[in-house]
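Sharing a structure here in structure tokens format.
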Amino acid sequence: MIVEMRIGATQEEIDTVVQRVRSFGWDVQLNRGTEKTVVAILGSNTGQVSTDVFAVLPGVVSVTRIMKPYKLASREVKAEDSLVSINGIEIGGKRIVVMAGPCAVESEEQLTEAARAVKDAGASILRGGAFKPRTSPFSFQGLEQAGLELLAKVKERFNIPVITEVVDSRHVNMVSRVADILQVGSRNMQNFTLLTAVGKSKCPVVLKRGFSCTVTEWLTAADYLLAEGNNQVILCERGIRTFEDSTRFSLDISAIPVIKKYSHLPVIVDPSHGTGRRDLFTSSGDS
Amino acid sequence: MIVEMRIGATQEEIDTVVQRVRSFGWDVQLNRGTEKTVVAILGSNTGQVSTDVFAVLPGVVSVTRIMKPYKLASREVKAEDSLVSINGIEIGGKRIVVMAGPCAVESEEQLTEAARAVKDAGASILRGGAFKPRTSPFSFQGLEQAGLELLAKVKERFNIPVITEVVDSRHVNMVSRVADILQVGSRNMQNFTLLTAVGKSKCPVVLKRGFSCTVTEWLTAADYLLAEGNNQVILCERGIRTFEDSTRFSLDISAIPVIKKYSHLPVIVDPSHGTGRRDLFTSSGDS
Amino acid sequence: MIVEMRIGATQEEIDTVVQRVRSFGWDVQLNRGTEKTVVAILGSNTGQVSTDVFAVLPGVVSVTRIMKPYKLASREVKAEDSLVSINGIEIGGKRIVVMAGPCAVESEEQLTEAARAVKDAGASILRGGAFKPRTSPFSFQGLEQAGLELLAKVKERFNIPVITEVVDSRHVNMVSRVADILQVGSRNMQNFTLLTAVGKSKCPVVLKRGFSCTVTEWLTAADYLLAEGNNQVILCERGIRTFEDSTRFSLDISAIPVIKKYSHLPVIVDPSHGTGRRDLFTSSGDS
Amino acid sequence: MIVEMRIGATQEEIDTVVQRVRSFGWDVQLNRGTEKTVVAILGSNTGQVSTDVFAVLPGVVSVTRIMKPYKLASREVKAEDSLVSINGIEIGGKRIVVMAGPCAVESEEQLTEAARAVKDAGASILRGGAFKPRTSPFSFQGLEQAGLELLAKVKERFNIPVITEVVDSRHVNMVSRVADILQVGSRNMQNFTLLTAVGKSKCPVVLKRGFSCTVTEWLTAADYLLAEGNNQVILCERGIRTFEDSTRFSLDISAIPVIKKYSHLPVIVDPSHGTGRRDLFTSSGDS
């Protein structure tokens, strides 16, 4: 449920609503817009309580039930576009932001060369995997901690923010000390343990779409991050699994306007898996 | 199999190859490029004959087996992009071509208004369905012959080429008397009877992708049109069926570069089904 | 809309309902059960007329709108299971019926041998394709008319009913002179021209599921057959297209109970495409 | 690579092979069959070494590369069916084993009643979820530790083994103290951190198929469990995501014979998600 307060509602009015919500054992999130405050009520059985319970409180303009499974990611809770700012680089705004780099960090030479190429090409953020979620236990799993150290080194040398994947909730602290943006990969989109840990870290995060998850499931997974108070969430469309076999995945370009309509979160596109050809991804921004 | 002749091969050399092919009971198609001629050998059991049979003939440069199921639609048979020209409007070239109009022709007023809007918006080709392939027999099946007459009238009045769907092989002559471009719909992409009839008509045709057909199946279906000598074939990506349910279909944008790579045929995009929101489609051209 | 008449409704009462329906320009189908008659109203805009128009007529017990896209195939129009009887072999009843035979008829020897094996194995119906809908125009398209003649010969010799595919509306008469059951293949499930022709023929028909069509689309396609008065319709689940690539198609076994619930039509299963291993199919009957 | 030893190979011969493997930095798993021993070589770059390196060693009969991405789950590494035995109940053998119970443990009364019904119905194993992986953070996540305690109580009272889900690698020890079988759910099939932890626990485990993962990916995920030395792995087909929308998932029954052919692991079927109607699953065994 969403409780919309009147313009200029007093702190006392807001507190009264919050206390009433908590009396049911529910959580609350406040969205303080420039003009008015919206109180999101979060709980597993809010459907059993009448909206009137809150509608009668002073300063309340309206109370609405959110019918979609996702709440905090929805435009109903937050109408304006969310922006995520990384060292002054704004993601979700009008400027196109390009993130590029190797799939896996392999050596200092490789990463240095990549960073230089990325900078030269005008991209703003360096990407490279230290931990790789491999489908087989017998595949190279990344340089792991050594890869993180290389990322830290190159990041400092080139003064460029880095994004790197985190695959284990126990690694979140370690990875976020180096990473400017954490990446949650497609296979972990519904790894709720990991999402909760990344949410608690408050570190900016790119949540890649599960390759067979619907837009609704994706936004509901984002709620796990947002529910822990991490508002720096960026969605990344990277292609879905379909019957088509000439490409590894089919980039679901139609998902972008759907997300723009229903969610306030910024969404970027990773075309590399869809076509299997280029390892870069581009912010869709507003354009 | 593809037999590539030397630059400047004589007619006699080409005829010799053709006769040798025909002696096996196979068909032949000649692609006379600006520089050299390519002979496509078409038959159901060409795999049982050695390429040497043709390689030894005078004027032959190379003989290649086409491993893909599609032959005439492949770049191996024809390396240069095919262009389809409709009243001077070139589809498959550098200029963006827009086709627009109502899903179904409903009345003279509606079609007139649509034609005016289409012209005003700078679109080049008017689209409208007289015959509609409806999933239920109890749905409106289009104005049929009366719809065709309206198309003819409006086409003349606005001097704009029209594209309209054909659903029955017995209608091909009737429809192509009015239509500048025939449209074969998604559900008929593998209606081989209809494809053969449209192929024989030699009328320009837009072949929409079956909503669950692979790119390979689509190009192989195009071979049915090309095999009858109809070279004015335009492909149209219109979205595929996936698990995603926030859009009716998922526009498979990744298919465009795949087709550009493997086929010489022009491909356009119909974004209306993918998003379910706008009824227009745009030539992808070379851009 | 479905108009249910009282038990023992007179012919006059029924005629009155039928005439009222026709006055709107709609079609009608009567289902005369052992106890009572149900009048199905068939038209493209029945939603615009109140059910009261029919509810007030004498002998009418109830008037219900059918919310599903399919009408005649639904249990709402006909509550009891439909049986299709082929030379005394009942399809859709308690006995398991097996149909078997080669994919394509190739020669008299092959078909004779197959028929003998089929009989010896206790199967009841011989299957074999004379017309084959091939994805490439350069593949073997079946023996066509010569194949039909072989089927006629072997059918008489072994006194066994045959099922064979029809791919072109213009062939329906020719094929149904030999076939005891026509088969409409997966790629033609939404070839409405063909469905209408097969419907008019009144010949028993197996309607295979389009490999990417939903159960709802499949039952709606069956309506095309039923709307022409052909009640001898058998559905055949043969596998759907999914992302899984270890089998050519995934047999959608879950579809059987869904169909049993929503439709009165018998449904059989063709496991050959799903596994790509055995070319036989089995009646699911009630078991 | 698979090194097959001669019948009656000595321990010394086997040790020599193992040491040679380890000299490359690779891991090794021994399958000691009743007749002969097979040495599986596990490493990320085995493709760079010639099979001859091992073929020349004494006692070696053959050396084969495994071309499939999965190794330990393949029949090439282990030809005979694997059986998993739970308190004398054999899974993967000829007897049908039924596991049943509520989706989530809700209360002692509910679980007691369920256990009684399960026993009365002749099922062998009680199922119930204490930890539930919910798509929304605002849904009921299960009774968690309290649910485990209820399972322990009811298990003892009814003397019935229990299976319950584990969702977090940090819970594996806690859950396996109560559970006779751990369950890894569909959304965690590629949660490699969790798989590794469950592998290390050596506790019997049911690995449910990711709802959009191929059979190949599924068997490769099983390798994560097997690589840690946990041989008590049971696969569970529970339906895949397809375009069909009349059921929540489509039970991929065709996957069972594929797995039986390529893997030695037992596979069971959970029909509850496919149809969305009954919450029980059945061993496919050999029947």
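Details
Read from first to last, the chains carry the letters A, B, C and D; within each, the first residue is number 1.
Throughout what follows, a residue touches a chain if its C-beta (ideal position, glycine included) is under 8 Å from a C-beta of that chain, and two chains touch if they have at least 3 such contacts.
All values reported here derive from a predicted model rather than from experimental measurement.
Between subunit A and subunit C, the least number of touch steps comes to 1. When chain centres are set by their Cα atoms, the one at the greatest distance from subunit D is B. Between the CA-based centres of subunit A and subunit B the separation comes to 42 Å, rounded to the whole angstrom. Computed from the mean C-alpha positions, the centre of subunit B lies at a distance of 32 Å from the centre of subunit C. Under the contact definition stated at the top, the residues of subunit A that touch 2 or more other chains are 212, 241-243, 245.
By the touch criterion given at the top, residues 212, 214-216, 239-240, 242-247, 249-255, 257-258, 274-275 of subunit A touch subunit B in their complex. By the touch criterion given at the top, residues 212, 241-243, 245 of subunit B touch subunit D in their complex. Listed in rising order, the residues of subunit A touching subunit D in the complex are 42-44, 69-71, 133-140, 167-170, 187-188, 190-193, 196, 210-212, 217, 220-221, 223-224, 227, 241.
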